[in-house]
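In the part that follows, the structures are each spelled out as structure tokens.
Both complexes below contain subunit A, partnered by subunit B and then by subunit C.
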Partner chain A sequence: MKKFMPPIILAVLCFLPLVGLSSYAMHILVLVIMWSIIGMGWNLLGGYCGQVSFGHAAFFGMGAYSSGLLYYHFGISGWWGLLVSIPVLTITSLVIGFICLRLRGAYFALATLALGEVLRVTAENLVKFTQGDLGILIKQRTWVEKTWYFYVILLLAAGSFLLVKKVMESKLGYYFVAIREDQDAANSLGINTTLYKTIALCLSGVLTGMAGAFYMNYMGYIDPTTVFPLYDISIVTVMVVMVGGVATYWGPVIGALIMVFLAEVIRSMPKIGAAHQTLFGILLIFIIIFLPNGIVGDFRKITGLFKPRGALK
Partner chain B sequence: MSLLQIQHVSKRFGGLAALTDVSYSVEKGKILGLIGPNGAGKTTLFNVVNGFYPPTKGEVLFKEERISHLQPYQICKRGVGRTFQVVRPLQRMTVLDNVIASAFLRAKDKAGAERIALDALQFTGLYDDRSLVSKSLPLGKRKKLEIARALATQPEMLLLDESFAGLNPFEQNELIDIIRKVKAKGITIMIIEHHMKVIMSLSDQVVVLNYGEKIAEGTPKEIGNNPLVIEAYLGEAERA
Partner chain C sequence: MKKMSVIFAVSFLAAFFAGSLFAQEVKFAIPLPLTGTNAKFGEIEKRSYEIAMEEINAKGGVKGKKIVLVFEDSQGKPEVARSIAEKLIDVKKQPVIFGEYSSSCSKAIAAVAEERKTPYLVVTGATDDITQQNYKYVFRLNPTNAYYASGLISFFKEVVKPMSIAILYESSDFGTSGAEDMVKQAEKFPMKVLTKEQYEKGAVDFKPILSKVKSEKPDVIYMVSYVMDASLLMRQIKELRIDAKLYAGGAAGFAIPEFIQSAKEAAEYVVTATLWSPQVVYPGAKEFAEKYKKLYQDYPSYHGAEAYSALYIIKDVLTRAKSWTPDGIRVAMKGTNMVTAFGPIRFEDKAGYTNQNFMDTLVLQVINGQFETIWPQKYATKKYVYPIPRWRDRK
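So, the complex of A and B:
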């Protein structure tokens, strides 16, 4: 049963656009799938390898800008950004890894948080290269309808899901988890912790960056505050995985679904709409206290709540 | 032939001399017991051999090659495995996955790693517990898991840091049997231990540290009669 879940869900999603959903519904779906890719990327590094990053906006923004700048400076289609973002993000990750991966735990998290902000300020100020706060606009979007965007992001998500699964079932996966559980022990068991943490960071950065490159093409406009923000990207990425389930295959997908819908619902409510960040904060506190492993990780705990009391023992 | 040579090793942490000019060697295929009162520098010496700390002075040679100043994972790759005093299994992994993670060091693929891991589990008597989550194991089994993980890296030399602490007599005897079996496989062992019964029955050679200095070396019998050792453990005769 479990084995057939991914292809079944993929097949259902493939047919969804044919039902004739509204443009708004398709937009939400595209966002959910995009966020699950970012979540999967973060999960590789933060969930499996235990290196919690608060700066994934750095990768997202680098991906978005590598796509946008290709279009702006060379006049070629922004879709090339999907390919170009792979080497760009690998190099970015190597540089970030060289600086940050020597730090552990909270210090690593703080360093990544700072790096995301550094990149935002850099993009704002390199006006000649990035247009600064004016942002980059793709004058003619590839498709008017959302359908093809949906299929592109769905393909990317399916690829990411498969990649994460393959990685986690291989030697890399075992090493990542060994590093998460105890770096010193892993090191003395023959695992080159620096090397494998760097690999995790590169994979994570590339997945997040590709989502960023897609975002550029999908939205048609980016500026530093929309693709490098601390709250709207970096923190929400952490929340997607925390809510869905850290170190689970489906956690980022479920998390993305919940977070995107919640954001839409709360924002559309009169009066409390402006307070959606506050409500997200409260939600995060509840998740950490009651479902520390997220919805997927603590699924038994949730179903247990609905069973009659006597059935527990 | 000596497999491991510790040559004039000193280790200082700021003003604290944790080890001062310690030299001895471990013969291939033998068990060397490392004893000494608390704070004598035994674990520090392990950390130097294992690569966590570079020595301030002196060198460590393994198979005639200088291994001090290498990283722990490189030293492990050259054939030195170790366990920790505070047991550190990868908590949220199953027993088998724990051992597979370290078996990948010598295996080409996952099937190979699994084979090595299952062998190591059979060897340490943990085969039946292989699908349990490591967190749920009792202390005695966690200590065995530590040894299984180290064995899965297929070492030529094993460093055991207080593997017997906190075990009941039954578990102690089981572990003694396992260590004898490890020795029979031709693996050289250096062991830190407080239980004199264990040290005296297992070791071929004993080294005694006190305040970071080597105060005695010899067979278990010689050590048992050495006045310096008795003094280090029981205090000077006049004061007693």
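So, the complex of A and C:
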């Protein structure tokens, strides 16, 4: 049964636009799927390889800008950005990995945190190249309807899911987990830790960057503060994975569902909606205290709650 | 149990009578940043919309229908603003959208509105390009950034006649385009731009930048920034005793009461461009300002006046519209010609803009700890103080 879950869910999602959902619902769905891709990217590096990054906005923004700049400077469709972002982010990740991945634990986290901010300030100040704070605006988005955006992002998500699964089932995946569990032990077993950490960073960066490139094409407008922010992207990325379940395949998807869909639902509720930030914060605290492995990771704990008491005996 | 049923009956009756006053109600949801860094401005606007709503309802609403406003928190994030716009169009079937504070959120909504062919009235987003996209369904009541300083420029030309200027601006959409525009104006003047420095929003120390400015001795120091930065800039200018002929602010943070409260005597004689002040001669402006002050102990900034007037424009448009459909409202919106508390409103297509309202902007000066309108002279409430005393000659 478990084996057939991904194709079943994919098939259901494929048929969703045919049901005639409102464009508002589609927008939320697209955002959920986009965030689950970012989450999957982060999960590969932070969840499986154990290198916690607080700067994924850097990759997201790089992706968004590689798409936006192609449109702005060369006048070609922003969709090329999806392809271009792959080499751009691979190179960026290599450079960053070379510098930052020699650091461990909190120092690596701090270095990535700085990275996001550095890129934001850079994008703000290279006015000739990026238009600075004026941002980049696509005059005419490709489609008005959400259907095609939905299929594009769904395809990307399916690809990312498959990639993460394949990587984790290969030798590479075992190296990642070994590094997470004990870097020195992994090293002594002959694993070139810096190399494999860099590979994890590259894969993670590319996935996040592609989501960024999609964002540019989908929203039609970016500026440094919308794609490089610390709170709205970097921290939310970490939350998506933490809430959903670290080092699980479905964790980022469930996390995105909660961080985007549930956040929107709470915000839309009449009366109590005014306190949505507070309510949402409390919910997150609860999840982190009682389900430290996230919803997917602690799924048994949740189902255990609903089982009749007698069953536990 | 009995008690409950009594309460139910009473509330039912109350609801019935309240309902019978107005045959029907018309509901609008307004996207605004109610949390996050722009929340201060969101709050001013929310209060102003509510004042306008009560006034309009007290006079019989729109075509006998009571206006009900709901506020949706966009958190100042473009994608949330976009979600709200999609929801209003799709789920709530609202035929017209208005509101939002920042330029980036206004852009996000404008794109949706144009695609979905629903009129959108931009209330405060000031970046030039929102109305330069040839959008047919996007209207803007506030002048664009390029016109914010027009009053200030004429004050420079006729009174100050400066030879050089230093421009400091915050790194944001608003700051950058404001500074760019001042550079363009300075070239025409001609006035030499000695420095053009960008700084991070919410910086804690401006002394490095200001020391540079001091060494260059500009005639005018022009600053585009929000509240906290505005008052800190002036306080540090005072500490460093930078004597320029004039300190000028480009609206936003310099034109709201908090500026005087936190900069104190350093704010004295600072001039600022603004779109509106409580002393303007437009009908209803003074009444609105006084009402706002009575309720919230402070005068509203121009953002408040914009929001307050926006609802009056919507009311006017709905009254004239043949049908309350997006297209009916768009046609009526295009034909708007009215004077609001914020000023005269007409949506024109000229100088590369579409559906843009053009109007005179004002110059305020802080005199004896109060904002006074000093320019253009026909709107002046007090004579300007110029030349201003040097720091060491002040008490």
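Note that in this section the second predicted complex is superposed on the first by the 296 of 313 C-alpha atoms of A that agree within 3 Å, B and C clash if a C-alpha of one lies under 4 Å from a C-alpha of the other, contacts with A are read in each partner's own complex, and residues count from 1 in each chain.
Everything that follows uses one rule, which is that contacts are C-beta pairs under 8 Å (C-beta built on N, C-alpha and C of every residue); 3 or more make two chains touch, one makes a residue touch a chain.
Keep in mind that this is a model prediction, so the values were computed, not measured.
In the superposition on chain A, contact is made by A:193 with subunit B only, not with subunit C. Of the two partner chains placed by the overlay, only subunit B lies in contact with A:177; subunit C stays clear of it. Legend: residue contacts after superposition of the two complexes on their common chain; A:185 is shown touching subunit B, with no touch to subunit C.
Taking subunit A as the reference, the larger set of touched residues comes from C, when subunit B and subunit C are compared. The interface of subunit A with subunit B does not overlap its interface with subunit C at any residue. Residues 22-25, 27-28, 31, 121, 124-125, 127, 132-135, 137, 139, 141, 144, 219-221, 223, 225-226, 232, 264, 267-268, 270, 273-274, 276-277 of subunit A are the ones that touch subunit C when the two sit in their complex.
Residues 50-52, 71-73, 75-77, 81-82, 84, 88-93, 97, 100-102, 104-105, 110, 113, 149-150, 153 of subunit B touch subunit A in their complex. For subunit A in complex with subunit B, the touching residues are 169-171, 174-175, 177-178, 181-182, 184-193. On the subunit C side of its complex with subunit A, the touching residues are 34-35, 70, 72-73, 75, 77-80, 82-83, 86-87, 89-91, 104, 107-108, 111, 115-116, 127, 129, 133, 171-173, 175-177, 198, 200.
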